[in-house]
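Letters A, B and C mark the chains in the order given here, with residues in each chain numbered from 1 onward.
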Amino acid sequence: MNNLYPLFNVIIALAAAPLMFGVINRIKAFFAGRKGPPLLQLYFDIWKLLRKGAVYSRTTGIFFRLAPSAGLIAVLTALLFIPCGAYPAVLFFPGDMVLVVYLLGAQRFCMLLAALDTGSSFEGMGAGRDAHFSVFSEAVLFLCLAAMSAASGSVSLNGMLFTAGGRIWQVSPPVLVVVVFVLYIVLLAENYRVPFDDPNTHLELTMIHEVMALDHGGPDLAMLEYAAALKFWILASLPAGLLFPHGMKPDFFGNAALFLGLIALTAALTGALESCAARLRLVKVPQMLTAAAALSVVALIFLAK
Amino acid sequence: MLDVILMLLVLFNLFSLGSTRISASIRVVAYQGAAIGVVPLFLPGKIPGGILVTIVLVTLLVKAGILPWFLRYAQKRVNVRREEKPFVGASASILSGVAALGTAFFISSRLPIPFAVASPFIVPVALSVSLTGFFIIISRAEALSQVIGYLILENGIYLFGIALLLEQPLLVELGMLLDVFVGIFVMGITVFHISREFEHTDTSRLSGLADWLPEVKRSE
Amino acid sequence: MVFIAAALLLFLLSGLCALFLNNRPATAAALCAPACIAGCLAALFPVFAVFFSGQEMSFDLLWPAAGGLRVFFTLDRLSAFFLVPMLLLSALTALYGWGYLRRERNSESCGRQWFFFNMLVASMLSVFLAADGLFFLFCWEMMALSSFFLVVSRDEEESVRRAGFIYLAASHAGTAALFVVFAFLAAAGNSGGFWNSAAFPGPGTGVLRVLLLSLGIFGFGMKAGFIPFHFWLPRAHPAAPSHVSALMSGVMIKAGIYGILRMFSVTGGGEVWCGAALIIAGICSGILAMLSALNRRDTKSVLAYSSIENIGIICMGTGLAVYAASCGGTLVCLLALSGALLHLFNHAFFKGLLFMAAGAAGKSCGSRDPDALGGCAKTLPVTSSAFFLGAAAASGVPLLNGFPGKFLIYLAAFCGLQLKGSGLLLPSTAVIAGLSLSGCLSLACFTGLSGIVFLGKPRSRLDRPEEYSALMGTAMISAAAACLFLAFAAPLLSFSICGAVSAVFASTDTASAPGLADRLAPLSCASAWAFALIAAALAAKRLLLRRRKVSFGETWNCAYAAADARMQYTSASFFYPLRRTFTFFNSRRSPAAVSKTIFFPGEYEGNDSRRIGAFRTFLSGIAAKLEVSLSCLRWLQQGRLHIYIMYIMAALLALLLWKIR
């Protein structure tokens, strides 16, 4: 039974990922004094979209039809390498964190090409900006992984978050806080939340992710939204795994509940940030990400001594 | 706890490098001074309790109280809000700050330190604070920014001193503090005079001391 | 060895025959291309034997008639590792060239082109096999000359001539440095073949060792094309015909890396500063090359810069390996060099595929400017699929073959971080940062390029483009199949990779081969799993949509129904955010806008050009100073034949007098 727990964790992740966007929207509504959409709204949306037909633009070719499925599978494969709390990941091998980051990059590759396939200037704009920000956010993510690897003495995500979890906090707590902070910034950048993009609007000012999904419809859009939710879960698992109290050995349900709670906390924080902060000017985004990279290098220097 | 303060010092460094607003820099220098002021409380030393508390209080008063107040007064008189034309941009400054931290760690790993220090990070962080101060002096044109850089440099030297020279008597510490105080006072008066005479405090344009001026295009 | 001799003979004879077929492109191509393919396949037999079994062979012949030229071939594991992609890619590009050159109407130099193509293949084969100093230099020079003549095939264009000249100058500068190194080694005496380490000054002999190592890196670096020796690459590779560009980018620049690795094997693993220099050069190449590749007017120019970036990645791996070997991290050394070699192997195939597809698209559409193309994917299915596959591989998508090499280098860097106190922290962090930055930049660049050239709507009035030639299509499909195969077959190569690594660093041995295969196997499993799942997801979607209504319409343009093809994003707009962030490296002369009124924009004429300014001013400054200082010798150039004959007489007399002294 013990060997099946990681698989159950993956099933829980697959089931609970769309819930996080519901949490974010509810928190934003709370700050705005509204009641807000139901927590399970994304589930209803996906169900509705799956039952719809599709409209394809005549400009698009086979790539447009291929991209959402390929992106979803890439993110799904990346999910298999993420440990969940006190239980290891389903698959792990030395260097799997590189594969995870590049699988998320593969999803971005599909999205960018699908956006350019439509021949629309909206999607082109979003694709150009996404390509621009990804240069920095992936570098910051790798530097964070390097800091975590130096702290935990392991070259596998499983080892970093699960095996050496307690040991990381003993090395140097304030430095780890910095790493968690930088991971949170990467989460915001890669998932196109404030202060990097405003997911509410579809205007030229804020077009990055929402606009790339503009021409998809039906099952394609369902796959895109679900992949976005999974990506949020994957990137939120990293700081949650670092913050997880590894000293205690909870049973399966306690572990799942605690982990879910940590990710929901991240989502709530994201919602609060979106309500209270404004989006950065687009020229300031590289500066912010460079500062984040500098912080992670500082953490690496402190952790490696 | 000492590690937390040292990490905070490094973060303040990076913040002062990345921000071009004078008022934000003054606030950061005040916080940095406050953080350095409380460091002696966490060091194992032979100084009796009462004297230790006096040192801490005086340092806090000067570094986090008097000097920042004076700088703010100077800023209001000179009426400068932000650094208009730094020689090095914000991102490049932050990356240089990280490089300075790395260099400080490298240097401190080679320095032969005869006595035990409370934390392996004190000497590198002190060196990096000094290097940051130097960098700000070199890379900023605004006179007030250079004063802020000088303050950060003095913070670093002060931290280095109290980390390693705990056996020294109280007078050395107070002497350093007095030296900083007088220096800032003199600098402030000079800034007033510069502003009154030239109607600006952009030190990159103050090159009248040179006998020979290269043909340089003035970018106004 | 008989096979190799037969292959060389085939190349030479068919090339010589082609010289007589200048005016008949179809016949020349039909003669030379199959001969070349046959020669490559023949030479593959002994190469595969060494590749898979590890037995080395050699062949030594002294040729007194040619002035004591010693033909000394050694086929050891490092040579075999480089020869497999070289021969396969040569065969593929010969097939592609057959289709490419067969229909050239106005060409009078087809025969010459095929002669030089065969000479290039033959000389590359000899370079990787040569084990005698003089013979190596002879083959190296043949390689440079034949590729030069191929680059200037279309010499009616000024830019092509200039590109060829710069290439020749750079190549000879490198060869001159190599001459010095080899001359020293020859003077020190080499009996057992060139690559024996007794001739090279050992670790203790200070300045001489440093000098020779630097000259070696300079000479081989000029061929490999990493920064700062890259300046000839972005001009020469686009100027050449596409099959030649594919061969040059895929194999010839790897000859430089081969030389550097041989040099390190001879010097007992190189020095720390060599490793550091290679890492810095690799990082600069990776990042700066991709920054220059954004928004180019020519598809092949972008691909040339991408070659520089990939050479940078290989340099990073090699540098990290050399650094780690001097610091005692043997695992890091093995992983880093294996990653560099694997990436080299894979790069030959996906870069060849990309150049072939770019050339085919250029021929079909009539233009290579991305801003004039668009929407070709619907009518050029083979070309566009090949280009997308190559672009995905170049961007490092994990399911394809650009990823395993980079993965191993990343793993080496992460392992280097674990070794506290060994001084590997800085290089490992630098390698991680450099790899991620260059990887993301290449993802941005290739998605932009392939999206703008092949997707969307046509941006200018082109006739409906069609596939140019079935032979080219066959070559592209084979290359794509090779890329896909390599994506899964990386663990199979681990034995030969370890053999190659042990040829360079004698401390590692082939017992670690299963360890390498174990590290690469999960990647293949993940790729297979992901491909299967994608097929399943597509099938599921088709099932879902079968009973629903699927209709077609126009792209959503905010209810603006008259959207034009010119309103699409062009490459200038796509890369604008990136170029604006990195203006430090892309110094532009911005246009001076003059507006006649204050309310409406006026007409202006501007100039938007790019250069890596600092480097060019540095080089031109040095060149100017050299010109000034050497102008005192101008008087020697009288321009009259009699004076020159007098010079020759005087030199001969002086030598004779000196000899009989």
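FYI, a residue touches a chain if its C-beta (ideal position, glycine included) is under 8 Å from a C-beta of that chain, and two chains touch if they have at least 3 such contacts.
Quick caveat, the model's predicted, so the values are computed rather than measured.
Student: Work out the mean Cα position per chain and let me know which chain is farthest from chain B.
Tutor: Chain centre farthest from chain B's centre: C.
Student: Tally the contacting C-beta pairs at the A-B interface and at the A-C interface, and name the larger one.
Tutor: Taking the two pairs in turn, the one with more contacts turns out to be A-C.
Student: For chain B versus chain C, what separation do you get between their C-alpha means, in angstrom?
Tutor: Once rounded, the distance between the two centres reads 50 Å.
Student: List the centre-to-centre spacing of chain A and chain B in whole Å, with centres computed as mean CA coordinates.
Tutor: About 39 Å separates the centre of chain A from that of chain B.
Student: Calculate how many whole Å lie between the centre of chain A and the centre of chain C, each centre taken as the average of the chain's C-alpha atoms.
Tutor: So the centroids are 36 Å from each other.
Student: At least two other chains touched by the same residue of chain A: list those residues.
Tutor: If we look for residues of chain A contacting two or more partner chains, we find 286, 297, 305.
Student: Note the residues in chain C that touch 2 or more other chains, in rising order.
Tutor: Residues: none.
Student: At least two other chains touched by the same residue of chain B: list those residues.
Tutor: 102
Student: Please output the residues of chain A touching chain C within their complex, sorted ascending.
Tutor: Interface residues on the chain A side: 50-63, 66, 69-70, 72-74, 76-77, 91, 93-96, 98-99, 102-103, 105-106, 108-109, 112-113, 115-125, 127-129, 131-132, 134-135, 138-139, 141-143, 145-146, 149-150, 153-155, 214-215, 218-220, 223, 282-283, 286, 293, 297, 300, 304-305.
Student: State the interface residues of chain C toward chain A in the complex, per the touch definition above.
Tutor: Interface residues on chain C, with respect to chain A: 374-375, 377-378, 388, 392, 395-399, 403, 406-407, 410-411, 413-415, 417-418, 420, 425, 428-429, 432-433, 435-437, 439-441, 443-444, 447-448, 450-452, 455-457, 519, 522-523, 526, 529-530, 533-534, 537-538, 541, 544-545, 548-558, 563, 565, 567-569, 573-578, 580-581.
Student: Which residues of chain A touch chain B in the complex?
Tutor: Per the touch definition, chain A meets chain B at residues 172-175, 178, 286-287, 290-291, 294-295, 297-298, 301-302, 305.
Student: Would you tell me which residues of chain B are touching chain A in their complex?
Tutor: It is residues 3-4, 7-8, 10-11, 14, 18, 90-91, 94-95, 97-98, 101-102, 105, 109, 120-121 of chain B that touch chain A.
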